[in-house]
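The structures come next, written out as structure tokens.
Below, chain A partners chain B and then partners chain C, in two separate complexes.
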Partner chain A sequence: MIAFTVVTFVAAFLAAAALPAVTADARPDLPAVLVSRQLAAHAGLRTGDTVTLALDATGSGAMRFRVGGAYEPTPDPMRFTARRLEARMHLPDLNAITASPSDPGSVESVKAVNVRLADPNDAAAFASALAARAPGIFARPTARTRDGPDPFVVLERFHLAVATVTVLGSTAFLLALMTMRAEERRETVGIIRLIGVSQRSILMGVLVEGLLIATSGAVFGILVAVAAQGAINRFFQWRYDTALVFVRVTMSIALRSIMLSVPLGIVAGLVGAWTLLRRDLPALIRR
Partner chain B sequence: MPAGTVTALGHVSIRIEAGDYVAISGPSGCGKSTLLHLLGCVDRPSGGSLVFEGRDVAGLTESERSRIRLTRIGFVFQRFFLLPMLTAWENVELPQSEAGVPKGDRRARTRELLDYVGLAERSGHRPSQLSGGEMQRVAIARALANRPPLLLADEPTGELDETTGEQIADLFDRVHEGGTAIVVVTHNPVVAARAGRRLAMKGGRVVDA
Partner chain C sequence: MNAWALARRTVAHNPARAVLAVTGVGVIGALLFNMLLLSRGLLVSFRDLLDTAGYDVRVLAAQGSMVHREPIAGATALANAIGQLPAVERVALVRTDSAVATVPGRQTRGVTVTLVGSTENAIGGVWDIVKGSSLPLVSPAGSPPPLIVSTGMASQLQLEPGASLQIRVTLPGVASALPAIDCRIVGIGHFTFESSDEYTVATTMEGFAAVHGAEDRDSADLVLVASRSDAGPSAAAAAIALLRTDLRVYSNDQVLEQFNQNAFSYFRQISAILSSMTLAFAFLLVATLLTMSVNQRLGEVAALRALGFPRRRIAANLLCESALLVGTGGIAALPLGGVLAVALDRILRGMPGVPARLHFFVFEPRTVLLYAALLGATGVLAALYPIWLAARLPIAATLRREIIS
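Moving on, here comes the complex of A and B:
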């Protein structure tokens, strides 16, 4: 049920950042370690280099390793401002480097272990079982769950509030704009009505026009959002040196945008048209 | 202070027969345009009755009055009232399209009308690319699009020079000779002189018939 993967030992990679002892001679007999892309760039490490990692800057428990490669750290929105100067090593190496001569039990302890479950839905059951078997060990799922505590729930509510205010403001603006636009077309509508085009035909024309404009506007807005998404992500990924995706325009978001904007556009057009259609015809063609 | 009621027309009784050519003249504000709007089913009378082809217009719905304007009455105005985004051809074709005329018939009728008013070669031009006289001729062609028995004109030469005004008056003569009844509101004595009947209005009443 549980698939053990790779241990990330935070103290070790922080120490590694403080102790970037690198030697050029390749030693294939040394244990391999993976370094984060950021650490590799920061310390100028390449695959095959030899590094010395220790628990702290004084060199406690220092061990030599061979750099087996670099990896991209899993983006973590909770720590996106932190410099990801990390290393990954096998559990025996981790035990060895953290061993304390004064504490024989230290080789048996780690502070945190990442575990990937074969079925992520078992996270809650796994956490409960682990807590029952090993009191004092706290397990929590890293994946966001909708039914449990969500660290981003406040942020999400804030986004929803901003979106709601934006939609309401835009709707009021759109209605005002369409009413002004309708007023500009007062004489045109008057002429059309004068020559006998029925109100139904005019409303149908406005409906089609509103549909086309609203759909075009929604598609344009989505294209702008997609283009802005790339720019925003590239800027913040550069700014924080992370692979974290800050903005993502999903199909669901695009569809929701269309489902919201198209009816709003049509309604705004119809409201604008109705302000003209309800007036007496002589009032429309009077100079 | 609330505006009081203004009686634009009172005790007006006129009868327009098929094939009539009637000119209405009078000072500004005497009710000429109001009378024309009533005759054209653009407005409703607040009292009395208005009968068009045997039907009391006051009792008709907006949709029914629209249908009458579309198929039975043509309008020509001083300011032309062409749709600026449409070409001359499209302006003439629009009422036929709304009336459900088949495409082939529409094309033939539009070509015939633009030829009739002498603008066949300007059919692809928009109103902004036409002179005042040309715009008025397109407006006349549009007014005749659905072969209405009645043509109403409100100061059709008001924005045209004398020569162009006479050309429009000539065109009205030809339309009238074709059997269409014409009621024209005009200050232009040349145009008024072409009409078979002349009505003078003052203070919302017909004072000289």
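Moving on, here comes the complex of A and C:
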């Protein structure tokens, strides 16, 4: 069963249209229009105001509407830098404004039709069949493919590359710190070896200690990321006046971070311990 | 022995630790260098693209945005009027549309192309001819429209100058389809603004009208203007703006500013965030490394103080140690950063619609200076806490503790 959406929205000509905000009494006989939050703030509009919408600044096709309310536009990551000065109205009202007297078909013209299929898996086949039956029609599924020309796939690869480089750099530092830490314990380890504790036991101790420190560090890192997520989102939402979420630390991302950082931390600790345990006893306890 | 010599000996005393620390600084420094390159790379590269095209003023219809614009009516008269302005040297009209190109006689599906109609036919303008000839100034009546195809398209479809190509314009929003028109390839060229995921085909304005069903609309999507060198783009733009008030006139600088505020702002800001985080990361790690190093050598520092070394000398020694680690790592980061920049640039240029000649990471000498200044400041700040630790330690108590332990 195919359901057609009957409400569409206007963006382009609204920027050129005159929108006098007349704070007159509410005119229930006028058709209603919803304005975006940004447009309401920009033009000083309130619910009940009467506005005039036209195709251009000269006022062609002008019609008066009653502001029925304000809405938050669905955030669009492809247009997050654009000012969302938009309005929504019923399709017959939009067609009445944009209709051309010389083109009778313009009263029934739309730019896009949204279709919901009974079986979403038929999207590709349906799009192909529709394009074949109606020349000049572009039909495509709304679901994004994970490969092919997608800017967000490219950005994901970029961020992954940056994260990989960061992990490599921090691993080098981690190894340096663990080596220094192991060197600090040289005498202590020598004395423990002297009193009979085996290398295996010392290694297990280092392993458990490394696991605790790495896990604590990973959890702390996740908490810092969550805090930074809030700050970054608030900043960019303020900067671009949008409700778009720019950073989101999901459970999957947190688990992946922990699964990468904990083994790295343990391995770094073991490498540091190995530099110590490979030495013979006199070298450990030398002063 | 001066502070530098002592610092060198201290670092060389534990080579494994030094190598690891320098490696860490090098990798993080490479990332910092890349983020600084990214902060202005797009701007610099886009400016180069605009300047290479040979035009420094762009005229658009007032309706629409920089990317999606309404056609300019009366384009021929407008071009003539602009060409007569004293500040203007050259004018070109441009129209663009989507089309499907097919090679006659082949069963393969056509490729989607951007069809560009232009009065521009001189070499070194919006495209550079690499094979064949440029668009003719006048085409014989009845002859197939001449085309210049991009090198990528020529390679993909194995096209040569003289070959035939069928062009069918796609008209979205119209319940009709135009027939395919036979055209002839006269040249193959590099298009300045062609992206890696689409092909560009250029033709004359008459050819553009022919593939649209010979409808001569006398309109243009864009008017390109080259100003006289003695007048400059600002004077040309101001003069053009007075001609028609229904048009928007932009100099290259203004186009850059628009893109900088909108399209490029994401990369500028991500660069700022990642640069800041990288610097904080480097500061934290170098400070931790130096602090642990000082803690391991408290006895040594106390002994030096007992011998008469002033606090200033101890601080200078630690500062030199920090400079050695950060400086060596920072220098090693430059070639590493260059390699990383090539890799990251290749990733980002995979974005659809990005001109193949646009680069995200562009080297500028000022970037190296900024990088050196930031890393240097980080090295100095990271050394402050260990210096404070070493400077304030009680000599006698420290020596006693060392002897007892």
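To be clear about the criterion, the second predicted complex is superposed on the first by the 240 of 287 C-alpha atoms of A that agree within 3 Å, B and C clash if a C-alpha of one lies under 4 Å from a C-alpha of the other, contacts with A are read in each partner's own complex, and residues count from 1 in each chain.
As a convention for this text, a residue touches a chain if its C-beta (ideal position, glycine included) is under 8 Å from a C-beta of that chain, and two chains touch if they have at least 3 such contacts.
None of the values given here were measured: they were computed from a predicted structure.
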Let me test your reading of the model: by the given contact rule, A:192 touches which partner, first (chain B), second (chain C), both or neither?
first
Pick one for A:157: touches chain B only (first), chain C only (second), both, or neither.
second
Once the shared chain is lined up, is A:58 touching chain B (first), chain C (second), both, or neither of them?
neither
Superposed model, chain A: greater residue contact from chain B or chain C
C
With both complexes overlaid on chain A, does A:165 touch chain B (first), chain C (second), both or neither?
second
Classify the contacts of A:175 with the two partner chains as first (chain B alone), second (chain C alone), both, or neither.
second
Of the partners chain B and chain C, which touch A:142 in the superposed model: first, second, both, neither?
neither
Is A:74 touching the first partner chain B, the second partner chain C, both, or neither of them?
neither
Does chain B (first) or chain C (second) touch A:184, or do both, or does neither?
second
Show which residues of chain A both chain B and chain C reach, each in its own complex.
none
Report the residues of chain B in contact with chain A in the complex, numbered from low to high.
37, 42-43, 62-63, 66-71, 75, 77, 79, 81-85, 94-95, 98-99, 142
In the complex, the residues of chain A that touch chain B are 187-188, 190-201, 280-282, 285, 287
In the complex, go through chain C and note every residue touching chain A.
14, 16-17, 20-21, 23-24, 26-28, 30-31, 62-64, 170-177, 197, 261-263, 265-266, 269, 273-274, 278, 281, 285, 288-289, 292-293, 295-296, 340, 343-344, 347-348, 350-352
Which residues of chain A touch chain C in their complex?
12-13, 16, 56, 80-82, 109, 111, 134-136, 138, 149-151, 154-155, 157-158, 161-162, 165-166, 168-170, 172-173, 175-177, 179-181, 183-184, 232, 236, 239, 275
